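The structure's right below; bear with me while I get my questions together.
So that you can tell them apart, the chains are marked A, B, C and D in the order they are listed, and the count of residues begins at 1 in each.
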Amino acid sequence: MASSADPDELVASTDAQHPANLIPSLCAKFWTLGWVTGTGGGCSIRQGDLVYIAPSGVQKELMKSTDIYVLSLSAQPQPPSANQRTYLRSPPTFKPSQCTPLFLAAFTRRRAGCCIHTHSQWAVLVTLLLETQGSHVFEINNIEQIKAFPRTASSETGGAPSNLGFYDTLRIPVIENTPHEEDLTSFLEDAMDRHPHTCAVLVRRHGVYVWGDDVRKAKTQAESLDYLFQLAVEMKKLGIPWVSQIPRVGPDRP
Amino acid sequence: MASSADPDELVASTDAQHPANLIPSLCAKFWTLGWVTGTGGGCSIRQGDLVYIAPSGVQKELMKSTDIYVLSLSAQPQPPSANQRTYLRSPPTFKPSQCTPLFLAAFTRRRAGCCIHTHSQWAVLVTLLLETQGSHVFEINNIEQIKAFPRTASSETGGAPSNLGFYDTLRIPVIENTPHEEDLTSFLEDAMDRHPHTCAVLVRRHGVYVWGDDVRKAKTQAESLDYLFQLAVEMKKLGIPWVSQIPRVGPDRP
Amino acid sequence: MASSADPDELVASTDAQHPANLIPSLCAKFWTLGWVTGTGGGCSIRQGDLVYIAPSGVQKELMKSTDIYVLSLSAQPQPPSANQRTYLRSPPTFKPSQCTPLFLAAFTRRRAGCCIHTHSQWAVLVTLLLETQGSHVFEINNIEQIKAFPRTASSETGGAPSNLGFYDTLRIPVIENTPHEEDLTSFLEDAMDRHPHTCAVLVRRHGVYVWGDDVRKAKTQAESLDYLFQLAVEMKKLGIPWVSQIPRVGPDRP
Amino acid sequence: MASSADPDELVASTDAQHPANLIPSLCAKFWTLGWVTGTGGGCSIRQGDLVYIAPSGVQKELMKSTDIYVLSLSAQPQPPSANQRTYLRSPPTFKPSQCTPLFLAAFTRRRAGCCIHTHSQWAVLVTLLLETQGSHVFEINNIEQIKAFPRTASSETGGAPSNLGFYDTLRIPVIENTPHEEDLTSFLEDAMDRHPHTCAVLVRRHGVYVWGDDVRKAKTQAESLDYLFQLAVEMKKLGIPWVSQIPRVGPDRP
């Protein structure tokens, strides 16, 4: 793929599943969901050592493969927040995304294959509701959709994923927002360390970062989380608590 | 259709109305409605003895006909929950849907031609609101859209369907969720027995199963139910009761 | 158009603006707006003496021109509610819409060129909110969008339409629902007589009928009304009255 | 572009980025967002001295390039509100938009390249909520999305834009609506003078005008504002204030 000296070949492919084609089609879909309104939010895919990232300030539903940055994960300076990143390929008219170090954190600390950042209003409203309680973690249980989330990190189970059960409680940490998005990196990494099984971190008054082993898993978890955030806001409006004790029904087989 | 020894021919057709083409197009539509977010929910079609089922864990808006499972209804082991199902055709990279025994219940007990399972938030919110009242049945009356639902099972009327009238009360039973989706089967079947005329069963904190004689009826009832669930949630927010006594207007001709 | 003996030629045209093509494209759009969910609602266009009507029970986003009924307005029996309508052209597999006499009322009493019937939840919620006050008319003022509605019937002004001003009050009558949709006809006609300038009638717990001189006007008014119904519901949730006294600003030129 | 005597050449181009093609595609997108429902709202692009404007009363999702008006900015009568505008090109069947003098104000006073006018319900609801407090300015702070807005007018910084920071407060002035849209012009201009850095003005019970140096900036700011208006309405429903004091986190580097 990088056999040629021409960096533009890194984003030139007729395969719809190539990251340079997949990021624009995902972002267009996310735009219709209200996740990347007003050029906010973003998406990055890792394929082996290569990382593909949407640029800053692009209209997400209009992105093209030629807008994509490409960098080599192993060739980045240490510490990764040094802001002296080198790119294998840069688009002619954009700036790198401020989300870059946050995406890299998911790729290096969690070996993620895809990371999605949304400004979804449901995520923001959940962080605002938690703020009124001084809370730093979103918790919800006894909802079928939480089965979409891993109970353990995939590295622990050697590839056989174990997901949350219906009676389990999903916990997503919330970090405070910083004036500059890249300054979120150390707080995101801390939250990853404190919640080793989480696949997402909420950012107060800002949005959410969600990652997964591959595009399908990252997208499924991002959709399922947004579903739960919206449901949680509606439950709040209707006076229904997010965490409850309900009687168990049926066998709880392994 | 099954004349060849090649099981892939069971899902190969250029006819848009073939179940293997119809399920993906229906699921893509359901995705835009928020019914099958995050690979949740599903859809199955029966044509004679053949049953076509969407697989587990597939991104519903991206499904292809080659993702579909096919099984023979008459060739299933008894009892059907024995989990030793054989498939005439299996896709190469998926697992069978946990919804399978629930779809089969609709096909065998109700002779349904199509069954739709959604995780619609409106359905979940209705079950949560009913839970606060300890209720196991959703009831609503005096809304035009309830005319979309049968008053009697179609088998009783010999093909001439009789639908609910405007002043009638629509009743949809609610069953409690179980840790494993397939364990819902006996509860779903019990609810079918106790509510012989219902075309749907709500699952608490999970979603809804809706079926019909054919795809058109199942989809129309699924849409109409979701409409009523959303309306009911909004009515609740505005303090309007779901069941009311209103004066009758005009003749109530047969 | 009707020069041939073949009635199917009445709905065969390659012109996208032909009523038989326009009704399906309008209905598909209305489906995405939630106006014709679950085969509810409908649409009819009059061109001279010919009336084109969507059938009963059709999935509105999947309609085809060959699904359309055509009748001659002048050739209908008197009184028009006699339910002995003759059709110039009938589709092979559908039943006539129960909305037919209501559409005809708009065509004969108001010389409308298009009539749209929606089951929009916003319309239904407005009628429910008005019911709690025992009210039979929806009123809202001081909202820019009410300028979309006529102050007087177009027949009164000899073609030069006079629309409501910003400080005027839009009034839409509400009639009670009947068990059979066609029985609404006399109540709809009464409301038309009592509100000679209205271009719409709300039906309690059911939806709304909106008409206009042509498709563009009917659609614009239907969209503007739905906008106002949704706004009114949100205003109610936020405690803001629908009718208010506000200071006048700027000249109120004719 | 205007080299020919044929004014229709002003709107004839195969380039999707030509204003006469861009305005229809933008308006179609805005229609799906609920910004230009019922022919309300509008959009105008300036390219050098030429101004392209959507006509009055057009169904925005169906607009064609041939529906566009074109005028020369320098050739307009003074004062610009004199309503004796001349057009280089007029469509055959429409009337000029009443928004025209308001778009021109953004082009002449702010050197904007694009101005968008929406009737978004979120904008209207925000002005209604502010009205109950007697307020003439929308204020919100500590939300990531406010970084999309300029802190200073672009003319002040010589091309290097300085945007609001996370802890800053975004302020959007609100003017009262007038019976005739063109009469808003002097109030809009006053608000521009009093709020020299604003890129938008809310119109009470009507909507919002948003502009930017080019189409991308105007659209990004319009989307981000609508996001904030919707968020603000939901915050109000949940009892969360729009302006808050929160502890600062991380360095506030320039």
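One rule holds for everything that comes next: a residue touches a chain if its C-beta (ideal position, glycine included) is under 8 Å from a C-beta of that chain, and two chains touch if they have at least 3 such contacts.
A quick note: this is a predicted structure, and the numbers were derived from the prediction, not measured.
Counting only chains that touch, the fewest steps needed to get from chain A to chain C is 2.
In this assembly, B is the chain whose CA centroid lies farthest from the centroid of chain D.
The rotation relating chain C to chain D, fitted on Cα atoms, comes to 90°, given as a multiple of 5.
Chain B and chain C have Cα centroids separated by 32 Å. Centre-to-centre, using mean CA coordinates, chain B is 45 Å away from chain D.
In chain C, the residues that touch at least two other chains are 237. Listing the residues of chain D that touch chain C in their complex gives 34, 37-40, 57, 59, 119, 121, 124-125, 128-129, 131-132, 176-180, 183-184, 187, 203, 205-207, 233, 236-237.
On chain C, the positions that touch chain D within their shared complex are 142-145, 148, 165-167, 216, 219-221, 223-224, 226-227, 230-231, 234-235, 237-240, 246-253.
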